[in-house]
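Since the structure comes first, as structure tokens, the remarks are kept for the end.
A, B, C and D are the chain letters, set down in written order, and residue numbers restart from 1 in every chain.
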Amino acid sequence: MKNNQSVSVGIVGASGYAGEDLVRLLLGHPQANLKAVTSRQYAGQTVAQVFPRFAHYPRARELRFAEPNAELMAKDCSIVFLALPHGVAAEFAVPLLNLGVRVIDLSADFRIRSAPVYKEFYQHDHPAPELLAKAVYGLPEFYRSQIKDASLVACPGCYPTSILLPVLPLIRDTLIKPESIIANCMSGVTGAGRKLETEYLFAECNESARPYGLPKHRHLSEIEQEISNAAGQTLHIQFTPHLIPVNRGIVSTIYAAPKEHFTDEQTMNALAEKITRSYQQHYENEPFVRLLSGKLLPDTKNVAGTNFIDIAWRLDARTGRLILMSAEDNLVKGTSGQAVQCFNIMTNLPETSGLL
Amino acid sequence: MKNNQSVSVGIVGASGYAGEDLVRLLLGHPQANLKAVTSRQYAGQTVAQVFPRFAHYPRARELRFAEPNAELMAKDCSIVFLALPHGVAAEFAVPLLNLGVRVIDLSADFRIRSAPVYKEFYQHDHPAPELLAKAVYGLPEFYRSQIKDASLVACPGCYPTSILLPVLPLIRDTLIKPESIIANCMSGVTGAGRKLETEYLFAECNESARPYGLPKHRHLSEIEQEISNAAGQTLHIQFTPHLIPVNRGIVSTIYAAPKEHFTDEQTMNALAEKITRSYQQHYENEPFVRLLSGKLLPDTKNVAGTNFIDIAWRLDARTGRLILMSAEDNLVKGTSGQAVQCFNIMTNLPETSGLL
Amino acid sequence: MKNNQSVSVGIVGASGYAGEDLVRLLLGHPQANLKAVTSRQYAGQTVAQVFPRFAHYPRARELRFAEPNAELMAKDCSIVFLALPHGVAAEFAVPLLNLGVRVIDLSADFRIRSAPVYKEFYQHDHPAPELLAKAVYGLPEFYRSQIKDASLVACPGCYPTSILLPVLPLIRDTLIKPESIIANCMSGVTGAGRKLETEYLFAECNESARPYGLPKHRHLSEIEQEISNAAGQTLHIQFTPHLIPVNRGIVSTIYAAPKEHFTDEQTMNALAEKITRSYQQHYENEPFVRLLSGKLLPDTKNVAGTNFIDIAWRLDARTGRLILMSAEDNLVKGTSGQAVQCFNIMTNLPETSGLL
Amino acid sequence: MKNNQSVSVGIVGASGYAGEDLVRLLLGHPQANLKAVTSRQYAGQTVAQVFPRFAHYPRARELRFAEPNAELMAKDCSIVFLALPHGVAAEFAVPLLNLGVRVIDLSADFRIRSAPVYKEFYQHDHPAPELLAKAVYGLPEFYRSQIKDASLVACPGCYPTSILLPVLPLIRDTLIKPESIIANCMSGVTGAGRKLETEYLFAECNESARPYGLPKHRHLSEIEQEISNAAGQTLHIQFTPHLIPVNRGIVSTIYAAPKEHFTDEQTMNALAEKITRSYQQHYENEPFVRLLSGKLLPDTKNVAGTNFIDIAWRLDARTGRLILMSAEDNLVKGTSGQAVQCFNIMTNLPETSGLL
């Protein structure tokens, strides 16, 4: 089923949820040839043994997890995905890049342009600060041309994707005051990774909903970096994540003050038109952004398992605020799907290849 | 088990989730004597047949659902709980009150002081506007003395309870700007009642999270009424409800601008102390408000099935905002438990009777 | 993306869960051209409006639900899927067949060879008994050649598929006593359809697990028909369905007495070999049956959203019994995916087309 | 609230789900005085800090977890509950018993009369075989008088309770063939304890249903011991547990062959009467066994959080089998509630004290 112009790829750290979803997408990708997967924990086992849900792929039955080894990977793969914890990813990126392999990193290691900001949020020195200038932020809707030629792509975090896609067009078109942004987000439990911590056990999450990590969650660093870039000034926003009992999905509800006051129906309609136009100009040709119309509001169940992000918005005449809402699958558009979208761009494949 | 000074009570509309939870609480209440329950749908069946989970109560095996009849109820009950849809509740309240029965209404019918505001939010004329001045808003933490002698108590909505309890102390003590309030809430599915609508079927809610009813949900009317009262001025706030796949529980995350700027650690600590003091003064003797300390944050699983509301807060030095968070069981502190708390106050029983 | 040799298809009754999943599979099917969908409830709306999760398909944005009309469908479609309740499906099948359209029926109407048995289990006279002899039971693993030329295919029920696929090979190879079969099954809530009944509301199913419909569930009629056919004698088996809080998935755990006693390790190993061989002979070339090996046991999460059925088994030396276990997605291999598999066979397409 | 004749109790190993539920029940128990709780992991923290849901109990705010120490416990407590893993529990029981403390053990260590059977199922030598003869199996419905005076009570496992209560009356009254028993059970995830294993993470259990541990789960040892005792002969039964995504609850569906064939309505009715009578004779005065009548079937949601077990049964005239069904909360009647029921019996308290 794989065609002739296939690209050989590998995954380092394929045993977490992000890695597993990458395996799913790459096994099913018509032009990707999954040559290597690594995992200390599962070394020696086949992909089909570790993930029985992929057992029908002949490739899953023959490909075995290996110990990570940059040189072996470089021989087999022209692009390698890193699905590793922050701090660790950079260590693997360096030798791979030196060996001429292009790297798509799913960790936070190359998302932040500034090594001091990285340290402020991740509590350790950046392991490879010399690479920060080289890395491209893998948000195709805003960095497509840079991604195309990048040797190192830093895929955005799941929360940042769900916040940036609704807000960036309106900041660029100076329709909202960026410092007024309050992003209230809820995420499914796979967002925490396949981590063995009591708080992620079934009975701790089921019938539970809770805020966490506020007021300074790590993802703020990249959200603020990108918003500041778009706004042309350094600024802070509010961000509160919550954990809810679904496997996959993030809903972000974002409050912002429009630049223009709307005091009556006429000014509200005028503003609404500008917002509509802004979104259309940015997204009408985007294959994975769906602008909801009419009474529709985002719902994780409409995007789970897909690379789509659904966006809706409402103006509130009573308070003068704009409310933006988005839903995405945290593991797909929020992580692995977006990585594959970047891969397609980097390899001149149709951008939706393996993603529809 | 019921003691001698028991109070005879009835429930009109006992077949929904709020009604069922009232039945649960009143069957287990040491001083309440459940004399009558009505439900058109279940008339003729015993409580144990309709709700097998209560089958071990002898009273549940003998008490049968009846068609609603104010005169029969008035003969048997000194206090009647109405667990009916808005609009319908008022029709039952009028004859019961005329017959000298005290009424605890769980619907929205008597929560709003102003008949025009009621009409604006509920889209029909108020069925008994003459009673509005008589009704007491059943939030014990703020209306305890009025509840004590009330003949008609209007129990607050589930969202309003979860928002008002964290914000009212700070508004009263002029620590926050009330017009800055943004309440972002998530609710379990019982909040929608036992309604036969497609959107509440299991497979529509499970693995789903979604905003709804924004920007002008009905509960805003009472939230704004109470906030305006406390602030001494009429004002609007932002409120966005979300539906999440849990049976019971509301988490409210509320953003507000403090009156005082805090620009360094010293001013932040000073403000933190004032907030701490405000909450302690209002709640340290409240039996059902738990102020979380240390790193604890509210979680629905800690309050499900109980009449507690858990409250925590954080100051964000980066944005200058205060974030308040609460968790409650929407059916207990949010509805039926609060109704029983009012009942205890009205009948001079210990306020925690039947609730711990 | 649709290729030139595409087949024009329609769906009658596309608003339930089975219909929605058919829409999903056919919109994504490379050789199916979805020309018509009907639904009384949604007539006039586009597929994208009713099912926003499909909004990225251009076809979903242009195709509108229509009132069902056999003649219009016959003009546009060479194959029509019926996703209707039993009793109703037959009424649509008759005119469509008369107009030369091939019909793939997802209801129970044509699964039972005997009109009296149909009446015994479905409590009404069969609406078109003359068609019973014509219909082919749409279980590809056992009726592939008949399906190929059938004008009327009756897709098996979800429970029957999950039971028959594990048991039929062993009955055919006379390895188990068919009358000893006890099938204990659990199903996700979509198995009940998108039915507006209290018992399927979120809060009635979440945190609930319960048996239902025993001891004579309707699906027994087709299970026993097929088992009796394979065994060459009419017989009854035991079947108990349970409802569990997952969206998709059936796990069937089936107890059977082997024909041969195994009294020591040697006889047990001999029997195990025969069972292994029986399954391999029947299924090793089947694209959608996965025989689990080693310690793996079936799990709904490995098949959800796919057309696979996973099968495992264990011999219990202590009791002399054989335990068979299967997991499938009740909406895919249990309903719509199997229908598409039949469609592929009927149209000489690769059997996995649109299903991987 | 605690009355004067309170009994001083302690819990060793109070940090798991069983221990936490014991804490819940004992904090709310009117005659139990919780003097000590131990947990290596939480030593030094208060009960309220570790379990914020109990923070309203003054006792939870003052009582701190300690390192386990038999002598200190013996000074403070007249009865100690052990909520420890098997193997470890026996080590604590020995010194406590030597110090004159009565022990209620929730582990498997003292459930099995035979040390070799214990070793066969638990894969290690029994740590205190001399105590086996002394221990009483804590199933109040069948061992009430022995429990009363016991110094060492071994509380039954959660699955065994759910199976034994429906089957023992019918075995004692020789209405079923005990060797024909097939128990098919599904359990909520707390049944696995608060164990840090990947398979119990939220996203591994949510949307998952799966058999496990067959065909020789450890609980079989005590199930078969008790069934053999009742039957007067040593025998084996079939038992298959399944994991389903609920927090609390076990449903057991049990298949058995009646001793008497029922071949027509008359013999079936005669048998039905005998079964009815058997259950009534055994259970009509039992405070925690609820025999369901009419069309009612067991449902975990009706027993969650309670000490009840709901039982229903059906005769199947087509197959000649009897199907028994039960539902209980695995943590309450299946573990901690049953332990408190034993405690009440041992201390001459009303048997329902603290449990209704």
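Definition applied: contacts are C-beta pairs under 8 Å (C-beta built on N, C-alpha and C of every residue); 3 or more make two chains touch, one makes a residue touch a chain.
Keep in mind it's a predicted model, so treat the numbers as computed, not measured.
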item	value
Third chains touching both subunit D and subunit C	A, B
Interface with more contacting C-beta pairs, comparing B-D to A-D	A-D
Reference subunit B; chain at largest CA-centroid distance	C
Approximate Å spacing (C-alpha centroids) for the pair subunit A, subunit B	39
Centroid distance [mean C-alpha coordinates] between subunit D and subunit B, Å	37
Distance from subunit D to subunit A - Cα centre to Cα centre, in angstrom	46
Junction residues of subunit C - those touching two or more other chains	188, 204, 207, 245-247, 299, 301
Subunit B partner contacts - residues on subunit C that touch it in the complex	17, 188-190, 194-198, 200-207, 245-247
Complex contacts: residues of subunit A adjacent to subunit B	182, 184, 186, 188, 204, 207-212, 214-216, 236-238, 240, 242, 244-249, 251, 253, 255, 297-301, 304, 314-316, 318-319, 321, 323, 325, 327
Residue ranges of subunit D in contact with subunit B within the complex	28, 49, 52-53, 55-56, 207, 287, 290, 292, 294, 296, 299, 301-303, 305-306, 308, 310, 356
